[in-house]
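Note that the chains are named A, B, C and D in the order they appear, and that numbering of residues resets to 1 at the start of each chain.
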């Protein structure tokens, strides 16, 4: 067996509503959401024998299994960083493909807007990880402390090298908000913006504005992965994992990969693209729509370049006026609204939306969306998926 | 109580078919490396991790550039990206984390093995580096100076009552275990004595050259009744790394491969972080039972086939309890099995923790146990079991656990 | 009182959240209450957002009988492995309630050399500080 | 214009561990030093325990010329920490040794900063126990 192509399928999905205050614990949202994803698939907690979580997620495996009365598990793991959503789906796919588990649930829950946190990750015991150490030692003393600032440093260099004006970044948030406005689950349902609203948006860290950044939300998402064989007996049309990959390159840092020869690209994402296209045996032209990591809007054109949808330095032109990336265009992106236009659940909504597109149940449905690409973790360790309706 | 739970406790979910289990015989551990074990390393955890990985790479006969996967403990403070940047690893195709402290030890092997068996990566390193002795020690209650509110909901039911440390969490199980099975502390002491004997054969062990008698054990300081100092594992500064690759690639490398027969994790119902007191029985380790069942199921072997075992020994009572759960003896018979020590010594039915284990070699969160399991397969242990063919390793207890079965 | 606290060191406060608020509110009012699934009637401790038996999220709080027996116990004798705010030695017990759930607590009136598994106990409430009340247990005559 | 601090809110002090100790010791005596591999001479920053080129663990702290150029920069219009008064700029510099580091500029308005601008190091004693390397436009 050389890869996991066609050896795993997503058979259940669920997402809570996005809100500014869930008034619930993250564990509550997690349990609610996993139950709904299992219902969607036609399964019960008794069937589950694997879990994959985001390392920093408040709902640990014990909290979930003890709350839901899940039986015995043989496979559970964690993924960190922005790369987590696609990587978690990949790890679940690997688990079923190698026969170590049958039904693996991937979940994520955040009270990102209300900050109603129940549990920090197990690692927060005072000592610093090497990543925290880097940020606190060499960046924070100079006031370089926010993710917005960390990203802006890379974007400035990108603008410099390709002669880009920062106003041009406005088309991605505009289109994401258009898509989010169609989605009743979104925080911006029926609240689209015009490009001019972006220009009026407050400058946070020059060259980036408030609307370049994700919208914090309270929400949870879950998906269920099993083998294509078992998927046939379940309720929904299976969504097959045709390509899945992670990548970390030399000198990758989370949003601060400043110490390598060029910082104006996302080389990890480029490698992820090469790997998933090769595994799926398709090219960018075959992809019907994409769900890209839009936690930071300016990373979207950079991802389009790295993934081969346009040439280097042309990503911003590709997004200009939004026609090619909105519903009806040649490559609709982030059709649920994404992190900019639906809500930020650390990229999990992107995977869920890709499944909806293939099922044909998106609120911004792309016609015959049989092949959908998901990218996670722009500006750090990266991962990606190509999902398909046919095995 | 919890009527339906009782029925469900040992319920096995429908499992994947054995013929679909792609890990068996397809993956091998081909390199092991470690730093010295000390009370004060005098350097960063990141440096020790890099040293251990470099040593493992050399042991396997590989180059750093060959590594394309890293699996870490979620608890490890050295992030993959800094291993990559420090050692100059050009590309990683697979990286991930396993949670639950020592419960992650064999889990890292399982996840690395799935990565290799599914083609995600070719050479995957699992590592653990910790300045546990000179840095923040787990055996102490958390930093109460700053924290006023429990960091999570779970601690709220324990900490205000002073139930604050891992030894006490396990002591609670031990009290009940001794009550239910009529075990005595002297019987537990033999585990400690035998582990120390093994450490005295291992020049790299922290307790090398310092044997103890049962009398010494009985006279050691009481920590949390019923557990004594010699019931508790060491605090260690050190790092251990292992490298996995496919069985096919393994053939071309320097060392005799330790093939993976089976690897699994285990969670059972009603688990809590080291304090699963709300289950029908607390004198057993259902996670370990289930992990054992899965290993025997996928390999078609039984405990009788195992030549040597490295059982996670953060505290002595966990060894007899695991001997029961993995089927080396019946429920409640573990301490009697260990009494006198002969059955777990070299030449006994199942030699256990032949490097000295966490009690006497070093405490690297189970990674040192994996390295010893591999040495037994290679025939290079300082307490070598003659012709060891099948070697069992288990991961941390009281938390979601893990286990690996290796073969020559 | 058997348990002595070290002045000046704060005991960790329980983290009160949406799922467990009822429990800690009850304790503050000197009432031991447990979570019960409204749908299938399962009694649950410690509090959870979902019933592990039937997966209902509809819960209520019901009073406990307040009585039980010691299921297991430990005795903290070494200060470095104990909670800094409490003077050693002190006992921590797991009590099996007659209601059918277990709870971690301290003994209120029993010295370490008298404790045994199976000792009948009943709940008492210890107001340790203005913002901290804990359920503890004392010997019960049978 | 330089960074303005609100002294009521102490700014983060860099945590010192084995791997970065030599760097901050250098800064404290007003000397900018970088890690350099003893075996193959490769410069590196931020500090790491081992050389990514030749994998030697032997290293020395070697003085920098203190000269470099702006590689990228940002201006914070909102401060993420009350100790730093917005607006202020953060620069990413490329030093003559080939390594990069994050810092602030002194005596310059944000709008005057540009990519490629040549700079040299100065040392600023911010508070008791906190000295930082900062940069000034040259030429």
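Keep in mind that, in the parts below, contacts are C-beta pairs under 8 Å (C-beta built on N, C-alpha and C of every residue); 3 or more make two chains touch, one makes a residue touch a chain.
Because the structure is predicted, anything quoted here is derived from the model rather than measured.
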B-C or A-B - the one linked by more C-beta pairs in contact: A-B
Distance-maximising chain from subunit B - centres being C-alpha averages: D
Chain centre separation (subunit B, subunit C; CA means) in Å: 32
Chain centre separation in whole Å, for subunit D relative to subunit C (CA means): 53
Distance between the centres, which are taken as Cα means, of subunit C and subunit A, whole angstrom: 42
Subunit A, residues touching no fewer than two other chains: 25, 66, 69, 118, 128, 134, 250, 259
Residue list for subunit D, restricted to those that touch at least two other chains: 17, 52
Residue numbers of subunit B (touch at least two other chains): 5, 46, 82, 85, 88, 142, 151-154, 269-270
Contacting residues of subunit D [partner subunit B, same complex]: 17-19, 48-53, 55, 57
Subunit D-facing residues of subunit B, complex: 42-44, 46-47, 50-51, 54, 64, 82, 85-88
Residue numbers on subunit A that touch subunit B, as the complex places them: 1-4, 7, 25, 46-49, 53, 55, 58, 60-63, 65-66, 69-80, 87, 90-91, 93-102, 118-131, 134, 227, 245-254, 259, 271, 275, 380-381
Residues of subunit B that touch subunit A when the two form their complex: 5, 8, 11-17, 20-23, 46, 74-75, 77-82, 84-85, 88-101, 107, 110-111, 113-115, 117-120, 135-136, 142-143, 151-154, 263-273, 290-291, 294, 399-400
In the complex, subunit C residues that touch subunit A: 15, 17-19, 48-53, 55, 57
